[in-house]
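Pasting the structures in now, so scroll down.
Next come two complexes, and both contain chain A; in the first it sits with chain B, in the second with chain C.
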Partner chain A sequence: MATVLIENLTKIYPPTITYPHRVQALGGVNMSVTGNVFVAVLGPSGSGKTTLLNIVAGVETPTSGSVRAVQDGVPAQVGYVFQEPRLLPWRTVLNNMLYVQDRKSDRSRREAEFYLTMVGLNEVAHLYPSQLSAGMQQRVGIARAFLVNPDILLMDEPFSHMDALTGRSLREYLQRVWLHTRKTALFVTHDVSEAVELADRIVMLRPGGVVFDDIPVNLPRPRHPDDPAVRAVEGEVLRRFDSMEAAVRFGAQAG
Partner chain B sequence: MLTVPSVTPDAISELSAREMRRAVVRRWLFRFSVLIGWTAFIGVWYLFSRLVFNPQQLPEPHVVATESWTIITEQDVRTHMQASLLRVLAGFLLAAVVSCGLGWLIAYNAWWRTLLRTIVQFTVSTPIVALAILTLVVFGVSSLGPIITTAVVATPYIMMNVAQGLTGVDRRLIVMSESFGRTRSQIITGVLLPSSLISVLAGARLAFAVAWRMELLTEIFAASEGVGFQIRRSFESYDVRGMIAWTVLYIVVMLIFENLVFRQIERRLQGRTA
Partner chain C sequence: MTDVAQRPPAAPGPNDPYGQVPRTAPAQPRPNDPTTFASGFQELPTLPVGDLRPARDAGYSAPRRALRRPWVVQLIAFLILLAVWQYLTVASDRVPSIDNILSFMWTEVTGGSHGGMLVGEFWGPLGLSLQRYAIGLAIGIPAGAVLGLALGTSSWVRGLLNDTTLVLLALPAVVWAFLASLWFGLTSTAPIVAVVLTAIPFVAINFSSGVRSIDPTLMEMSKAYQVSRRNQTVDLLLGGTLPNAFTGVRLAFTTGWNSLLIVEWFGATAGVGWRARFWYDALRYAGFVGWILLFVLLITLLDRLVLRRLERHAFQWNQKPTLSFAEDWGM
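Right after this comes the complex of A and B.
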């Protein structure tokens, strides 16, 4: 069973030439995620969501605090879906998939094809990324993350660059693939309805990278964005955001 | 009322047939324009040797062609051509190897970047004749001199393009590779190389063009064989015909070489990234 344990995580970016101030991206985040759950990290732009995922993925180092991502005691394999597709433009779709695999065998190829079929892209496996639409490219990104058989799935606003219709159908794809594997998932978003549609639990961040709320979502799957129950939870989450906003504004006035 | 134009399969195949014909015509027009270019060049050459100079100063094209043929059939073209070509290649390869390292430094280290940029400005603005003479002074008459000088002259071009290629690499692709646990060498061959290849190739082409001119020039001063040496010998015996004939032969070989190697690589690359 996979576990992500985040303790007192702080990330402060040092000043740069273009922006000579320190930036606190994360300010002491505590959270733990265990088992086959889908957790959404919800927060406005600049609240340190990407930074959080990068640290969990091990491509960024924390300033202080610790992150442990383990699977049965050993470091967990992560699968990362980025904000943009991040495909290698000089490789075909299939070869982009094979790039993240350690062994190159008939089996790994079949696995790649399996996940491409899952996102409805087996037909275009021989095309180059530039020959696909943005939505199709992002689907390759999703298939690629599942392909490495990750213990933990990290997703960074994968649908935020899509138009509403494409995003809607991609969420459906994602739900389908996730239900098939039920990997521990950390899904970053600033879209409330997306979070409610997909997650078992919503962790809310506010600017400065501080957790201010943690809401369980107990709704049956598969979920539909127009379902009244989904709408109701959405309303609840939004209310809590408003109270956070008010608190922040009030705090600012008091200080 | 609105009429919707219907597109029948026939119409489509008719259309693509027309496009195909157009493409063929365009290709022939292109070849034709190349032919016109060459004809114009030779024509201007005739004009110059008849009207501006006299045939003793600038032999006519057909005279040079005959002379070239004589050289090919009667003299030891292979030895000299091979000597020159090998030196160009050796110098070029040396430059390529050094450039990869230096380009890396320029891309990732601010201190080296400043230093090497200054040196590049210096070497690029040094007259190559001065370098050629300096080669003679330092290395004497040998093979090593032309090779080193060629490498020195070619290096800035490849180096700057390697650096440009590397800094142009999308950082996010590297982060992606790292998050999927790719090793350093996998990232180099999978991301860094392919993404900087086009820029590196452009630099290599430029460097090659510079290299083979530099090589010829140094040979004129500091070699005992090779095309440049032959040109000097012809010059010393007031044999203008021979000089130009050797030059033409050299140009032809280099053009063939360039077309065979660089064009082919470029064509492959373009096919892949299109």
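Right after this comes the complex of A and C.
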């Protein structure tokens, strides 16, 4: 069983030439994710969501605190869907999939084709990324993340650069593949509707990278954004954000 | 569809105070009309298929269209060059005529004599030059690639050798040619060394800038996926470096050839450069110009028939030429 255990995680970026001040991206985050759950990390811009995922993926190092991403006691394999597709422009779709595989065997090729089929792209496996639309490229990114058979799936606002219709269609693709695999997923977003539609649990961050709430979403799947139950949860999430903002404003005034 | 004549007359309105915009009646759904949807929305009528030629050719007469063909333009430029050459031939006895050059070179190929001087050394000098050139590039390009990859991937190596490499890059081919002649004398080593030393900085600097131009987000992605070192080297590093590397290799091919010619001109007893100088010293301008033209022809053919085709194959994903001697003219 995959587990992500985050303890007192802090990340402070040092001053730079363009911004000569220290920036606290994460301020002592504690959370744990265990089992085949889909957890959304929800927060406004500047709340350290991407930093949190980058540290879990090992791309960045924390200033203090610890992150353990393990599968049955050994370091977990991570699949990462980035905000932008991050495909090698000089490799075909299929070769981009195989890039993350250690061995380019017939089996890995068949697996790559399977996941491309799951996201409806088996017909374009021989094309280059520049020949695909932005939405199709992001679908390749999703398929690639599942191809490595990840213990933990990390997704950093993967649909934020898409128009509403493409984003909706991609959410459907993601739900379909996730329901098939049921991987432990950590999904970062600033879109409340997206979080409620996809997640089993919503962890809410406020600016400065502090967890202030954690809401379970016990709704049947697949979910539809127009479903009244989904809307009710959205309303509850927004209400809690408003309360947090009011509390922060009040605290600032009192201070 | 409502005919224009049946449309209601234009009348002033809030957005059209002068009544200039003709009003059209809303489309009415018609039964059994495949272009009409049930909602009443009517599909736009299909426009007649017109001229499907590219826009740049549309509207030109047939002769003008022909004049816009790249190969026709190239042919015209070649004919103009020949005409100018022929005029200079008539105007000055120092410029050999084209037929004189061709005849001289043919005699070089087949054997024979020109004005009592035995000629017929064509394949020997040409083969020797090509051999030296190939050996020089076979050493210079991989050496430059290794140096370039080291410069691109290691800040320590960059700090140590980047400035030196830039200085070497700034040295013209003729300097390498003279240095190689001084060091190795009238041997085959001098031209080979000159080609190697000319090629290395061009290849190294371009490989290095290619490595550093790789999108850092792709490296982050590779780190997150724990991509194997082999895949990172082959797919990310070499794949991402390829456009710049190709530029470096093409520059190495051209400058290496120049360098070879200069060394052979001044410090060799055989080769294309030596043969050109031989006829220059003998005041046989046809032979001198013929060998120089052969030199230009060979490097042009190499670029067009080999390098550009390789480039096209390698850059199917981009289709932007890295460096060309001419625009893409369909070769």
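By our rule, the second predicted complex is superposed on the first by the 255 of 255 C-alpha atoms of A that agree within 3 Å, B and C clash if a C-alpha of one lies under 4 Å from a C-alpha of the other, contacts with A are read in each partner's own complex, and residues count from 1 in each chain.
We take it that a residue touches a chain if its C-beta (ideal position, glycine included) is under 8 Å from a C-beta of that chain, and two chains touch if they have at least 3 such contacts.
Treat the numbers as computed from the prediction; the structure is a model and nothing was measured.
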Discussion item. Should chain B and chain C be called a clash or a fit once both complexes are overlaid on chain A?
Written reply: clash
Worksheet item: Regarding the shared-chain residue A:Val148, is it in contact with chain B (first), chain C (second), both, or neither?
Response: both
Worksheet item: Is A:Phe114 touching the first partner chain B, the second partner chain C, both, or neither of them?
Response: neither
Discussion item. Contacts for A:Trp90 in the overlay, against chain B (first) and chain C (second): which applies, first, second, both or neither?
Written reply: both
Worksheet item: What is the shared patch of chain A, the residues that chain B and chain C both contact?
Response: 54, 57-59, 77-80, 82, 84, 86, 88-90, 99-100, 102, 128, 130, 148, 154
Worksheet, complete the sentence: The answer for chain C against chain A in the complex is residues 217-218, 220-221, 223-228, 231, 235-236, 239-240, 242, 315-318
Fill in: Residues of chain A defined as touching chain B within the complex
54, 57-59, 77-80, 82, 84, 86, 88-90, 99-100, 102, 128, 130, 144, 148, 154
Item to complete: Would you tell me which residues of chain B are touching chain A in their complex?
Response: 172-173, 175-182, 190-191, 194-195, 272-273
Response to the item:
Per the touch rule, the chain A residues reaching chain C in their complex are 54, 57-59, 77-80, 82, 84, 86, 88-91, 95, 99-102, 128-130, 148, 154
